[in-house]
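Below, each structure is written out as structure tokens.
Two complexes come next, and they have one chain in common, chain A, joined by chain B in the first and chain C in the second.
Entry: the complex of A and B
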């Protein structure tokens, strides 16, 4: 056994007891991949800083806290409102999970066009298991070998499935809310999400991972995305977990010819978080925009790891990540761009900028370009700095109090990343989240939106 | 209005201002001229309250109050305005938003009601019209993508909206061609008022062709070396600052 900790053992030991309660217990193919997953996980153990990709992120919360698999009771924790990210959910389609248990009473089916199917994974396993079998675990490369993915495969207990048929476009953002916390003991939950867009389809998905109340929990999520020819997916995520939570997310995306994948991740809460996104640009003209902002304080740790692989000619990517770190917080950005020999005419740009608000905060940035083609435009840049004292003086000399001036400069700094969110409604909602993260004396958001 | 008495200022232990005395009455316009490195910008920043300067002696009295130790925002609320030599770009924040926050912060400081959107728009319309500035400039992010002339006009607009008692213009002419210089000077002249004093900091005389000061001071080596009327500027144009080098040597 690789790197066993009490937790590794707890997950593995509990597996036999947990399995009958997991979705699709009667499906033999699922039983097989779950078993393979738990075996793989017990072999590998949790990732450690000895692995190159985990050099800067140590999973300490998984070493010092013992998490229990969730029970039906944990999932039924009383909540008085659903923290929807988008204003006025009204009839907007929405799925809600609490501690990894679906809560149909908060489900809004909404008015979806024909050909758009937003469902719970559990329901898909029940009603169209053959579709699920064909789409779960299609991760590329050696992803199945990653221990966290293997653990998710073994334990997947929740998650959603979005299917959009060829040529169908759905404009309104579809929201999925994952609520964690509200338990009196540490729990772990394992969402598995699948998004499949047919040729020429378009959709916008907003995932809101949010902690309520207090409590330690561990969310280990895996999302598999397949974007068909000429299709477009806007995939937005807010990770606003509790201060005791650990959030580990792995996303794998396949982008076909002339298709677009737009991703934005806003990390604003969690003791330890890692959002790992891996994109394959498989067809000519495929594009990926991977962007994000991370705002951390206290002793929070946030890791964004991205990998974009150009496999076809004239594929393009653009990455902008911006971070604001206060107190003793720590962030990691690892961005790898691989351009295969056949991907001539690739255009790739990556930028990571971090603003340190305190001398105790720390960022580790690791950009990596691996280029095997010769006709390629690729660039990357990284900067780390403090609040510009001249800009601060400029604002204060106009009468703006120091605290407000600092907030304003942080907002100004993050604007370049937030601007990458092409859906306006989502951009405004994310901007509000940023404003609420800032210390009191907030700038008026409606005003700031004018720009 | 403004009285500076025997002001000594150091930066990182090096003394930059070595005993400045300066007195400006209400409605007066003074010009401070001097060679590079004479301490002109230091003086303007110290009056506005920028961090990083150590006042080792003397006082700055503004309307009977000692400014030393006061935060920059407090000085702004009390009526001091500094037009920057290099106005700062603030991406993602609209000019109007910035100005509204500034105006309302000053109102709050004075214990006055904040302006609502309508009142603010009304003031902005009046000021832009008065100065011949397009609305477009208001919607754009603060100074982002502005030409040198636009940046300086934006400073003048901010001055008009914040309505200060003492306006300090730090090298306002730098980086401007003659047309832009004229437009900016025109704006400054429009804002002259009996209850508003101005302090113009400049290296060159040419700005003073368009803005006529009541008094001209020559600052060199951290001290005011000479004070005179507007004709002193012309004399400097002719002879340069060489004589003040010798004065010290």
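Entry: the complex of A and C
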């Protein structure tokens, strides 16, 4: 292994010392998969741009910073409020993690119907270890070959579990807040989340990754999702980490017959972030909607990598990603759609559009279609460019100040992606986040905000 | 659906007997000893009476080649190539002194060209195309020399150019595709045997289309030709290239390099119809077509346009590219790729925008049938200095049958906010609605498929020069014969 990965390998060297403190230390099956994970990670090392999938993203922060595994003490950092994404968290179910550690004191159990279980992973390992054994590492298939997943498997120290029994529908969004940045030294943590929906179940999960302090941290998240027949999961995520944070997230989703997976990722903060989502449409009539928006400034770098694999007939997907890049920021979009031989009648559409607001910004796009069936309709489109000068002129000729006109144009540009969020409450909350990100938001009067 | 099932069957029927260019010409040829080492390189260089600097350049390339590994990122699979099992130089005997006129050429050879549809004698009077025919490794005849010399155009085998205008060759050779570029191009730099050289002087519009016909004839030979075209200020040239090879069981390697240089206000139009032997229906034999083609728009307002019709070869690995250095320069890429049976093609283009207001356009049409796999792989890169640059890309794939694959892998890298990149790609099968519409107008299913495929390719076919358009349309027919009537 080269020197470039020596920093994070500190974990690997310290693994024996760290292990006893990790949740589920007394479970032998967990011990086994942790060991297998650390071995695979040692073999593979951190991904480098030499790998085709990592061509545009180099994990520089992991090379130049030494991170320590999180301690219980770090998890006790004082916070005065929980930055909930949704207004009035009143009786709304909510889990909170601080510096990668669960904070039961902020836990709102809320008013959940029977058959819905939203718990901390640590509790699940303690109370229903057999359920955890049957699900952890079972959903991501051959993803064990991914070194970041292997690292997470070895080190997993937090995370949540959502189980919804067959036929149960949860109307209100369930929120999970991950607060980072409140340590005085660089730390690393490894949440592992599991979402399992029974037949015909429905749920909406909002994950809010938010940096509150200024500390450097490395979050390596893995989420495994299994959506049963005819079920529906709305999975929304906001990644608003600090300017020193590295956020690497891998999500693996299985979608059964006639089930629907809706995903939206809003990236608005983080020194380096990568959100990798891989969806397997396994049953006839399964549908995936993968959407996102990325708003970057400064020297932030964000990477959205998606893969949708059509494995059954008449499966459909729709993908819209939109981005706005300012200053010297850089964004990467890699979207791959694979249509296997069995997946006749597939319908797939993908679109990625990026606005560059500054000369120093950079966008790298790699949409990919890999098609082995003939009765298909697949397309992708990608554009990059700047704000349309004629549209700007039109607005200004109507007396709208330039800064406001630019904001309006950016907002409407992003609107096409935000419109894909089917949950209205979440859509409004995300739109609000976008408005706050826009430069010179003070020009926007209240009435403009509601547009 | 009836028509589709039929189509699939018919496509599968398409066996090697459709490859009408699969004849071998029985000519004695002189070859270098089998295998590849520094002596082979020296042998080739000595055979060609090359100047010292070129031998040194070849040797540098060869030594660098030894350190390189095969490019692995493309979506093609083949067993490792045994570079020692090929001949690197094969010349029809009796050409040592070079043919003085067409009358001196071996009549067997001329017959070969007649079968290919380029009767050298006739065309001088009829078609008005100047042809440089490369047979295995050596240029055998170049027609229309006199007429071209009148306007100052140099069009000759590159070996002859080394004697006639060594300074031009030395100045430009390897400046677009350096000898370190990639393993195949580096091999070519070490062992290239011949190829065409074109120089269009300032202000000259080349009075006729220039054309080269490549053919691999001898067994176990690789063909490594190198083409260098320089369009000086305010000049124009249209260049055509065609390729065929006989049917053989073993795979033969074709690793060519093409370098184009366009200076201020110059325009080069480069058209290729590639119909190397694709192997039989089980994927046995066929040419490995690993080609590096690149053009540099060095001057202001210069333009390079690539048009290709790729129907042959067992494996195609080819990315004709444009480096748009000059302000306002234009790059174009029009491509039709047809793969059938077990053919594999990984092809596309690179448009590197460096200058201001540079524009590029990519139109790619892929048709995949049988058990073939085809990939469009392209890069559009906007550098920080490419103010106001623009690109438009359209790639469409058509799948015929459920055993084939069609893949699209575009790379877009933009570092300039004023640059606009637009990319669109679609993959589909021939729509039943279209077929139904045509059939209910009394058009038989086969003819209907033919119409749809022709319409699908039309945008690209229109770009071909007249002489080639006819051949290309025929080739599209041959490659998909049965399915397109």
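Brief remarks follow.
The rule we apply is simple: the second predicted complex is superposed on the first by the 432 of 451 C-alpha atoms of A that agree within 3 Å, B and C clash if a C-alpha of one lies under 4 Å from a C-alpha of the other, contacts with A are read in each partner's own complex, and residues count from 1 in each chain.
Keep in mind that, in the parts below, a residue touches a chain if its C-beta (ideal position, glycine included) is under 8 Å from a C-beta of that chain, and two chains touch if they have at least 3 such contacts.
Keep in mind it's a predicted model, so treat the numbers as computed, not measured.
Of the two partner chains placed by the overlay, only chain B lies in contact with A:402; chain C stays clear of it.
With both structures placed on the common chain, the touch criterion links A:132 to neither chain B nor chain C.
When both complexes are overlaid on chain A, the residue A:356 reaches chain C alone and has no touch with chain B. Contacts of A:411 after superposition on the shared chain: chain B is touched, whereas chain C is not. Looking at the shared chain after the overlay, A:394 reaches chain B, while chain C stays out of its contact range.
The contact sets of chain A with chain B and with chain C never meet. Residues 73, 382, 384, 397, 399-429 of chain C are the ones that touch chain A when the two sit in their complex. Note for the complex: chain A touches chain C at residues 52, 341, 344, 354, 356-386.
Note for the complex: chain A touches chain B at residues 388-391, 393-402, 404-405, 408-409, 411-412, 414-416, 419, 443-444, 447-448, 450-451.
Touching chain A in their complex are the following residues of chain B: 45, 48-52, 71-73, 75-77, 81-82, 84, 87-88, 90-94, 96-103, 105-106, 109, 139, 141, 158, 162.
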